[in-house]
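These are the structures in question, set out in turn.
There are two complexes below, and they share chain A, which is joined by chain B in the first and by chain C in the second.
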Partner chain A sequence: MTNHFNDIRHAKLVFFIGSNAAEAHPVAMQHILYAKEVNNAPIIVVDPRFTKLAAKATDYVRIRPGTDTAFLMGLINQLIQNEWYDKEFVRTRVAGFEELKEVAAHYTPEVVEDITGVPAKEVVRIAKLMATHRPGTVVWCMGLTQHHIGSSNTRAACILQLMLGNMGVSGGGTNIFRGHDNVQGATDMCVLSHSLPGYYGLSEKAWRHWCEVWGVDYEWMKSRFHSKEYMEKPGFTLARWYEGVIQEDKIYQYTPIKAVVFWGCSSTSQSQYHKLKKALDKLELVVIIDPFPTTTAAMCEKDNVYLLPSTSQYETEGSVTSSCRQAQWRYKVVDPIYDSKTDYEILQEFVKRFGFADKFFKNIKKIPEDVTREIARGTLTIGLVGWLPERIKKHTDNWHTFDIDTLQAKGGPCDGEYYGLPWPCWTEEHPGTPILYDISKPVAKGGLPFRARFGTEYTYPSGRKENLLAAEGVANPGSEIMGGYPEFKGWKTDVRVIKEAVKRGMAPFGNARARCYCWNFPDPVPVHREPLHSPRPDLIKKYPTYPDKPNHYRVYTRFKSEQKPELVKEFPLVLITGRVVEHMGGGDETRSNKYLAELMPEVYAEINPRVANNYGLREGDMIWVESPEGGRIRVKVKITDRVDDRTIFIPYSFGGMFMGRSMAANYPDGLVPYAIGEPANIVVNYGYDIKTQIQATKEGLCRIRKA
Partner chain B sequence: MAARKIVPQTTSPSGTKITLNPKMARRSFLKIAAATTALTGLALSGRLTKRAEAKTPKSPYSQSKIVRTICTYCSVGCGIYAEVENGVWVRQEIAQDHPVSRGGHCCKGAGAIDMVRSEKRLRSPMKRENGRWKRISWEQALDEICSKLLEIREKYGPDAVHWNGSAKVSTEMAYLQRKLAAFWGTNNIDHQARI
Partner chain C sequence: MARMKFICDTERCVACHGCVVACKEGHHIPVGINRRRVIIINEGKPGERSISISCMHCSDPPCMAVCPAGAIYQRDDGIVLVNKDICIGCGYCLMACPFGAPQFPKNSSFGARGVMDKCTFCAGGPAPTFSEKEKRLYGQNRIAEGKVPLCAGMCATKALLAGDADVISKIYAERVARRGNGLKEKIF
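Take a look at the complex of A and B:
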């Protein structure tokens, strides 16, 4: 999130696309409803399904799944054509406008209507609404990202906000409501196959930086790897690791995967689940570390699996980063229950047995505080320098002293600082950055320009040259240079450079323009591409997907060869999945809670009355839902107008059933969750984002029949 | 100098002003409250008087302490007041004074306490043997797992192991998971943020 939940109280308009905050982030809703009721802000909800959030909207836009980019580009085009965009913002802080304009021109209201199903005049009306209600915020979640063009969708949403001049202002911003409690923290630490902590990447320079922080020799670290090539090559992802085992798509690694460790991670949230199940039965070793046995344990039918009981997070402590980049200290409530151990203890036992404990814990005597300090020493890129354990604890201890409108402390021990020291928190004294890219404040007081990450000048394919730095006169108050400037040399590895920059009133990472044209992406300006499995064969020809991508995170990923126009004849319905408020993720925690299980005891498929009548289905009937890849699940019918007559919806947090078969007997005695059901991800289709390999769970086809 | 009347206003950092008048809001609330009281009459006021006179019930947990902590479900990061007595988490209370959640809880957060009370928690390390789950000691579990992992590393190389880390642990633990994969010698590590 560029802004924070409380800041939405200042919005004049809230635009949701692919978010169901009423169910996924219920407590954030108070700030959204405040904007609606006090500011009279329109609440626009763009979603294929009339969600519980849509029920709170002033304007609901039903969109065909997988066509978000077309809709967003349609809005952008309207802003440009009618000159409703923020010209001064674009002139001073945006790059690639001409290139954007050219691509956007294709998305006329009529073209958008054809692709998305949103009436042409609605496209114009929504664009005008956004132009006349500024600042407005744009919110999205996995409904926008989980597509084969997910990275284009998110960029189109960012460009929309640039056009409206809604970036870097209170009440504006691109606000991605993140899922799990610490998904922001874990992302910042880069528990990711393509980067070291702090988004440093995997280059030799990145490894040398972290080796220095850890106090280990780079050559020793290199010797741990198969080769330098593998040290710098992104690994398998959570979305497709199982291909490393079953190899139905070709893999690009010298060995198949033989063992997997699930450490606080569910398996049922991964698509193509019936293939993942094959991998579980083929592996030599499966290790599950979790407070609950998890569905994964019940899915293993070979003697290759171990369960280690870790504690819940209330039986240990550490910092946790909320969606708004705020750190809070999650204090320990009670000692570990039963014979469980904290994750830290389990990790220490592993490290000891692997024989590198002295090197691994060189700077770490006290856990977790010394770990927090090591993170602060190494993570300069996103400014975690000021995240010291005692500062984070001080904020949590004094949470009552912060103002609800600004999240700034009014007096008290944290006076003037922002709650949770939202990163970048450049120094030990920095108050945190509550709103990213806000040039109205000095950098030392939480202001920030756009980052200069891609050089100072670029020549577009048309031959047009553009200065990528911010225009003359645009900088934070107190900046030594009143205009654009490049990044400071060495700021990512030397904290002294950061301190020097902040002292001079400047951002260590420079002051640039935000790009509408990203030459390092497959589509430099976002364009619509039909889902791999599309219900509109006529549009596949016009808007085809990408060529196949070999060696995509070590596995061959099909795009073009998977896009089959005839598929819709056999699989006529579009399948989407999502959250319910009672359950979360794979659901192992929530389905083990008897109250939540009673509130939401079973999985179901939402089906439009027209579809139900055409198939002769009544409320409560059981149906088989089948995917083109051979996945099938048996679920109950829920007849509702929430979905249209071409779409069905299934919540994804269930597990413990597998293609009609109960796996209940496969849990340890007495530990079957209170609620079990078919994982929707068995029928979620093949398909992954071209850039990030996020799975495409919000598009794809299926068929249904009465069970 | 005459005292000036101050109209309460909140100013957002962007300079746009949102006019609010809490006094007005409070006044209309009082009006409504007065009307309701008038309608419901004596019975209600009688009950209220009685309740006000009653002694505050004694807490069943006289030795308890309150711990501030953060909900483990979603990324809103709601505050929780956990009441602990003799090492047992006995009650939880909403955090009215938390700047983001302001006393809000969803149905999941309201049952946070169940994370340590659920009867479905795994009680000890286990392994699957001849198709049945068998309880084993930590020592045995860790020894067997680690020697098997080292054996696989020796035989096939460090990339033969895939680590699925977590967005449900602390930032420190997430960092240690990434560091562990590095020291193990692989980039085959990922977590829920990918999907």
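Take a look at the complex of A and C:
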């Protein structure tokens, strides 16, 4: 999130695309409804499904799944064609406008209507609404990201905000509501296969930086890996790791995967689940560290599973990071109950047995405070330098002294600081940065320009040369240079450089323009590409997907060879998945709560009345939903207008059933969740983002028949 | 004397069921008994609205008027309660109630929690305040502790307001006055 939840109270318009915040983020709704009530802000909801959030919208736009980029580019085109865009913002802080304009021109309201199903008039009306209600905020979630062009979708949304001049201002921004407790913290620590903590990547330089922070020898670290090549090579992703076991797609690794550890992770939130199950039954070792015996454990039908009971968040303590980049200290409420252990303790026991405890705990004498301190010392890239445990605790203990609108403390022990020290918190005295890219404030007081990450100049394929740094006169107040400037040399690894920059009123990472044209992406300007499994064969020809991608996070990933225009004949319905408010993620925790299970006891497919009548289905009938990859699930019919007559929706938080079979007998005695059901991800289709490899769960085809 | 009331602002309710679960967890209500429910109308269509409903603690409670056993009574602050030692579980109150608030245990007519069960406004029951018997039959007594009911305390969007009618109607009136006029500080 560039801004924060509370800042939405300043928005004059809230635009949701691929988000059902009313079910996924009910607590955040207080700020959205406040903007609606007090600012008279239009609430625009763009979604294939009339969600509970749509029920709170002033303007609901039904869109065909997988066509978000086309819709967003249509809006951008309207802003440009009608000169509704923020010309001064574009002149001073944006790069690649000419290139954007050229690509966007294709997305006329009529073209957008053909691709997305949104009437041409609506495209114009929504664009005008956004142009006349500034600042407005744009919110998205998995509905925008989980597509094979997910990275284009998100970039198109960012460009839309650039055109409106809504970046770096209160009430504006691109605000991506994170879906889990502390998921921003997990992301910042890069619990990912392609980067060390703090987004440092996997280069030798990155490894050397962290080795220095950890106080271990780089050569020793290298000796732990198969080779230097593998040390620096992105690993398998969460979306595709099972291919490393079953190898139905070619893998690029010297060995198949032999063991997997699920640490507070639900396997049922991954697509192609019937293939993932194959992997579970083939692995030599499956370790599950969780407060609950999860669906993953019940799915394993080979004697290869170890359950390590861990504590809940109430039985341990430490810092957690909110969606808005804020840290908060979570204190322990009760001591661990039964024979569960904290995550710290489990990790310690592992490390001891692996034989490198001396190296692992070199800087860690007191857990968790020293862990937080080590993170602060190493994570310069996003400015966690100021996140010291005592500062975080001080904020948490005095949270009543902070203003609900601005997050700033008025008096008291944290006077002038922003709640939770939103990163970047450049130094031990920095107040935090509540709004990213806000040039109205000095850097030392929480201001920030756009980052200069891609050099100072670029020549586009057309031959046009552009200065990538911000225009003359555009900088934070008090900046030594009143205009663009490149990044400070060495700022990512030397805290003295950061301090020097901030002292001079400048951002350590420079002051540049935001790019509309990203030459390091397959589509430098976002363009529409039909989903791999599209219901519109005619559009596949016009907007084909990418060529196949070998060695994509160590696995061959099919694009073009998977895009089959004839598939829709056999699989005529589009399948989308999503949240229900009662259950969380894979649902192992919430389905084990009797009251939540009572409210949402079983999995179902939402089907439009027209489809139900055409298939001869009545409310409560059981149907088989089948995917092109051979996945099938048995679920109950729920007839509703939430979905249109080409789409069905299934919530993804169920588990404990597998393609018609109950796995209840596989749970330890007495621990079967109150609610079990088929995981929707068994029938979610093949398909992954070209850049990030996120699974495409919000597009794809299926067929249904009465069970 | 305060007059206790609920208000549910349907512009704010997002049907998250947080109130329902807070009530059940806080009072250890058996599955199948709903002191509070969220009702959704026009589901999936424009005009979809949701509202959280429980016993409304009516000023002139029809349940009290029809109770043949005289088990239902009203406190001075308006909270309507049932005496489970007297209630016979006949269900007349359910027929009389415009909101379907009275609940009856499903497994047996004299379950562990007594005969008829309904929202207590988190004010316990006729058993001695904070006694084991009160907790077992009626749940927590948060009003005696000076706290708001669990449901309203949990409500994320502050759709559900509970407390002295004078206070909550003022909060609601201010909200309505500001609604849609684009002004932040000035009401008129």
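The rule we apply is simple: the second predicted complex is superposed on the first by the 707 of 707 C-alpha atoms of A that agree within 3 Å, B and C clash if a C-alpha of one lies under 4 Å from a C-alpha of the other, contacts with A are read in each partner's own complex, and residues count from 1 in each chain.
Quick note on the criterion: a contact is a pair of C-beta atoms (placed from the backbone, for glycine too) under 8 Å apart; a residue touches a chain by one contact, two chains touch by 3 or more.
Owing to the predicted nature of the structure, the values given are computational and were not obtained by experimental measurement.
Asks: Looking at A:Gly264 after the superposition, I want to know if it touches chain B, chain C, both of them or none. Which is it: first, second, both, neither?
Replies: first
Asks: Could you look at A:Tyr230 and tell me whether it touches chain B, chain C, both or neither (first, second, both, neither)?
Replies: Touch partner of A:Tyr230: chain B, not chain C.
Asks: Answer with first, second, both or neither: which of chain B and chain C does A:Asn39 touch in the superposed model?
Replies: both
Asks: In the overlay, answer first, second, both or neither for which of chain B and chain C A:Ser662 touches.
Replies: In the superposed model, A:Ser662 contacts neither chain B nor chain C.
Asks: Once the structures are superposed on A, label A:Val305 by its partner contacts, choosing first (chain B), second (chain C), both or neither.
Replies: first
Asks: Chain A residues in contact: does chain B have more, or chain C?
Replies: B
Asks: Is A:Gln30 in contact with chain B, with chain C, with both, or with neither (first, second, both, neither)?
Replies: both
Asks: Does the superposition put A:Asn551 against chain B (first), chain C (second), both, or neither?
Replies: Touch status of A:Asn551: no partner.
Asks: Quick one: is A:Asn363 in contact with chain B, with chain C, with both, or with neither? Answer first, second, both or neither.
Replies: Touch status of A:Asn363: no partner.
Asks: Figure out whether A:Thr590 sits in contact with chain B (first) or chain C (second), or with both, or with neither.
Replies: In the superposition, A:Thr590 contacts chain B only.
Asks: Both chain B and chain C touch chain A; at which residues?
Replies: Overlap of chain B and chain C footprints on chain A: residues 26-27, 30, 38-39, 581-582, 594-596, 599.
Asks: Would you mind writing out the residues of chain A in touch with chain C in their complex?
Replies: 22-23, 26-27, 29-30, 33, 37-40, 50, 52-56, 60, 581-582, 594-596, 598-599, 640-642
Asks: Along chain B, where are the residues that touch chain A in the complex?
Replies: Touching chain A: residues 10, 12-16, 18, 20, 67-79, 82, 84, 87-89, 95, 97-102, 104-109, 111-112, 114-116, 118-131, 133, 138, 141-150, 152, 156-180, 182-195 of chain B.
Asks: If we count contacts the way the header does, which residues on chain C are in touch with chain A in the complex?
Replies: Contacts found on chain C: 11-12, 14-18, 20-21, 24-25, 31-32, 43-46, 48-50, 156-158, 175, 178-184.
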